[in-house]
């Protein structure tokens, strides 16, 4: 790879990292605002205009709060926990294609940090590690509520990963590739996977809620039962990192859902638009770049809609109980996912047979 | 705890194991979990030391008294009329019921009959209080199951109820409403208007709240068969009110021993079947509708007349008369100093409080203060059964059971 | 148990239908309700910029009234202190001296009059007990939060209604 | 059978005898009788189990202290309710302050458990056979039973109050 | 980025030059502002005042406008301990323990008559004001206070948080105050 | 660069593997084991077997080790285990013999193995990729693959049978 390419890549990675952090930061603000609006309130509006500096205030406060490690906690692991949670959360956005290709100086720049041909598996691998942050933190706190939260987190994440993976397999059967770029490219225009995989998407959505520990699956940190669960003993910025990691996870989950099921950066009539632009501007490069940037815009609109949905659900539904959660995961979602695989397989065969 | 209690615990544990087909001395590590007293779900302040097997509660040892305020002792040192503010602070979710229940008990002792209008005003206020009590309980049940939003929707309605209180007595929560012998003032036109508005607006909000939870499977699953208690056990535990009715017994003081003209109103007593959390939720929901019905009837048929009894020895004369008439001034002084002639006697009066039969047992020796005032506090009685109700359930069940019992710490500890 | 009265009404407890078992309709309904509220007018009253309307009989901060001539009404009879269930009112009475008729309406007056606002429960019994219409709980003032506990002993300097100047009268 | 004060009293006296039931009165529409420690447990059990009476709901119970009344200084009051017949009855048991011992009702009513603990906490009644007779509302370390008339209400450590101001 | 940043830009230079250094003071100001707008309460609600706190959280008053709607029931995460309701003598040690578990900076509001002074309950079982066990920063009178008064109390704490120096908590006065309560 | 990376990873693997055995705290053991899996995945990546690397992490680090940690946390062995567990002499002997035998088997297996090494002519960069792996599994190794899946099925049923709670038995 040439050094210029490397430079672009480096810039891109930094930008994506920044955007991830920014979105996660402001997710906290939007969560509070959305909650307030849903509940007929106005929400934070004192810190800066319309409360826009609220996340910065929170961050500033958390940074300068006394850093406290409980006396009976396992010190090394206590610090390691939020670190892992944060690290793992930020890792996963690397393989998501936020846009198609830009043409700059005759170079093709793909708006994706790393293209690996096992992108989906990468995300899975990284997400499956996320639970360590919660488990280690919860265990190291040496607090029974934390431990219960950690145990709930572990069993919940493992259980729902299976259903999640199975629901994904149907998508992979259709696309025939593990590469996210490939999957995104296949959904060009309005040919989104959601039209073929509604059931799979539903299962994936439910599992995404469970994996990010959001209501109705927020058992690991359920306020009413476990007083915050795994992060009961955490204060200051370590708590901030846990909360941050949760919002990054929401962002990543939204991105993955947008990529896998909602056509990533594709939007309807993009080819018509591009053709028209080529005519209008008389430049393939400009047309391509405009469409690509529009695509990025669409991608983020989709992501934001999903984030909104996460929050909307959070402020509407009651949460499950532990055994009901397990029952839902193992007895309903996994069979449904297998059924979905069979249906997809049958569909593919039928299509091959007919056409 | 005494040592004999330890053995009792152990046998209970063994009993539990036997009941559930477990080996008696299984090598199973039980964890001890201290639920409260600052746990968020305990709202007021209760402590429970739970013995847990994983997420299952094997045994619980409750501790209460964290806000014991010695109501009964204070009552022995205060003149009768100064006890009303104390009753406010017992079940603070439905203060007017406490106020008026106490007033009625004292009126029974003094032999005062209150005119119909005052009785109807009392009914309206008491039923408003019941609504505010039930809506806190049911919406908190939502909060504890994770659905926070419905709580805030109905809280807005509670604000309207508080506005009505404020218009009637000048305070929101600890109302100190009414006096011995009636109300301290008539319903103002504004108050009547507010009640009217409330009757129009509230049904929509309540229906919406019901819609959010009642048929949601997550909620049904969370609450069905959780914290169930049979009618027999409930009676043995002395349950009354919605919690007893959820178990299927239609005992309601308003119907069985009508007071304050409750016999004039048409309403039904909702009962459940199993006495579980879902039943309690439904019964309270339905009671809110019934209360609305009662308020509507009382509001429509509000009789004309005086808002207080004609009892100059016990009911403060109007302010204007105090300034001008000597006789009124003397009565005024006597009442405020607590020198009014209180007959010797003993009296028990109970009302259907927000949580059940709220009883006032007064012994008077003719002095300025009650000789003994005992409160029959329904919450004190419910909470006793809590241990039995949560055994064998999960931690999450225990929390919902607590919310659905609507144990108010102020009333529990007195 | 057999019914105790004829007003019994069994609450409806239907089994879940298939649609309800599938979670989704109820969830969609709930989401619909919350979305409706998302666009609804907000109920918030932005205190301190805006204040909610209080009833005219709200029991707020105490005031010791003056009569129409500007003399203090309080005659230190002590009824308010007796009526106070929180024992928050203390006072010492004094004899009015000659030449003070403009200041005090009656021959006896309160030399000191203190309300401990932290003890006070704002029950309104003092207002009710006062035979001279001297003490009132105002509806438009609330006792403010403060940093020190001593600041809550409100003496006469803070309780007595300020003297109306000739212009405003 | 419609329960009236007369027929209930008649039934009780025929069961327990005049020597164990006395002072029947009706201060507020609720029949009040007095009995002794020996009969109270059987009486409440009888009221509960009798098919006709069915007075099977323990509404409340509490202690009362009448200082200076010799043998009748301490009193336990039980109030029972027949939900079936809507009939209430109140039973009192008096005893000297030196010997406040009562049989427990926990075997008859589950609710009696905490009520008896409360009576113990407030008045120092000792209930024979109670499974866990410890203080319930006050701290374990408390040395006296606060509801007894001789003990003051106020917190004795408070300094910022002068009692003479309050006319009591 | 209006108000808060304006304040920072207008930090008086002379102060910084003579004092703890310009950057340090402006950092203090920034952090003061941050803390001011992000006070997470620990609602220690035992009785009536807790119900009024619910109203304060509710839509009509909306404590979230001040950035304080995230109740932290774990003391480690809380900034202000809001003691609402009667604290009996049995409860006193629990309050102290919760206070000890909180991380600096921490503030305490005693909401309502009972928490502040024992209020109407001048009895053998009630603690006559929580300032017997923990240092209290702000008292809110009322029984219970109106939500407006609770918000008033919160704004008082905001004032404290804004003006408090980063290092005040290490100051000998503060240490002495804690020592007087036997809190290490 | 690849070579130095290999040595780094290999030494890290060995170190962590040793730590798994040597650390007193079982939670630490598990965490070291997880790091070991990561380094092994690193080896896979060096061998251009991305799929295997990812699956190794998902299955072992992401699922199985979570369960290990879960069980250890739940039994709270770190406190109980420190001093109490005394390994008996017999089990020490048994461990030594079993380990020695495994060692011998490994040596004898590796003794005859020839190192293929890197030959540019036959090198196929796609050999570790998903497609080729799938192709091989479903052609050359079809029978063992299917047999293995049947074995897993049996194991799963067995696990369900063992774990199925009796009537009224507690669960967590």
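Note that the chains are named A, B, C, D, E and F in the order they appear, and that numbering of residues resets to 1 at the start of each chain.
Just so it is clear, a contact is a pair of C-beta atoms (placed from the backbone, for glycine too) under 8 Å apart; a residue touches a chain by one contact, two chains touch by 3 or more.
Remember, it's a predicted structure, so these values are computed and weren't measured experimentally.
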item: Those chains which touch chain F and also touch chain B; value: A
item: Greatest separation from chain B - chain, by CA centre; value: F
item: Chain pair with the higher count of C-beta pairs in contact (A-B, A-C); value: A-B
item: Remotest chain, chain A as reference, centres from CA atoms; value: D
item: Separation of mean Cα positions, chain D and chain A [Å, integer]; value: 64
item: Chain A and chain E, separation of their C-alpha mean positions in angstrom; value: 36
item: Where chain D and chain E are represented by their mean Cα positions, the distance between them in whole Å; value: 46
item: Intercentroid distance (Cα basis), chain E paired with chain B, Å; value: 32
item: Interface hub residues of chain D, defined as touching at least two other chains; value: 83, 86, 137-139, 146, 153, 161, 167
item: Residues of chain A whose C-beta touches two or more other chains; value: 35, 38-42, 223, 227, 315-317, 323
item: Per-residue multi-chain contacts in chain C, two or more chains; value: 4, 27, 30, 33-34, 37, 42-44, 46, 82, 85, 87, 121-123
item: Touch list for chain C against partner chain E, complex; value: 42-48, 51-52, 85-87, 116-123, 142-149, 152
item: Footprint of chain D on chain B - complex, ascending; value: 1-2, 4-5, 8, 64-65, 68, 70, 72-74, 76-77, 108-109, 233, 235-238, 249, 251, 256-257, 337, 345-350, 357, 359, 361, 363, 372, 374, 376, 380-381, 384-385, 413-414
item: Interface residues, chain D side, partner chain E - complex; value: 137-139, 146, 151-158, 161
item: Chain C partner contacts - residues on chain A that touch it in the complex; value: 34, 37-42, 312-313, 315-317
item: Residues of chain F that touch chain A when the two form their complex; value: 27, 31, 34, 50-51, 54-55, 57-58, 61-63, 66-67, 69-70, 73-74, 76, 78, 129-130, 171
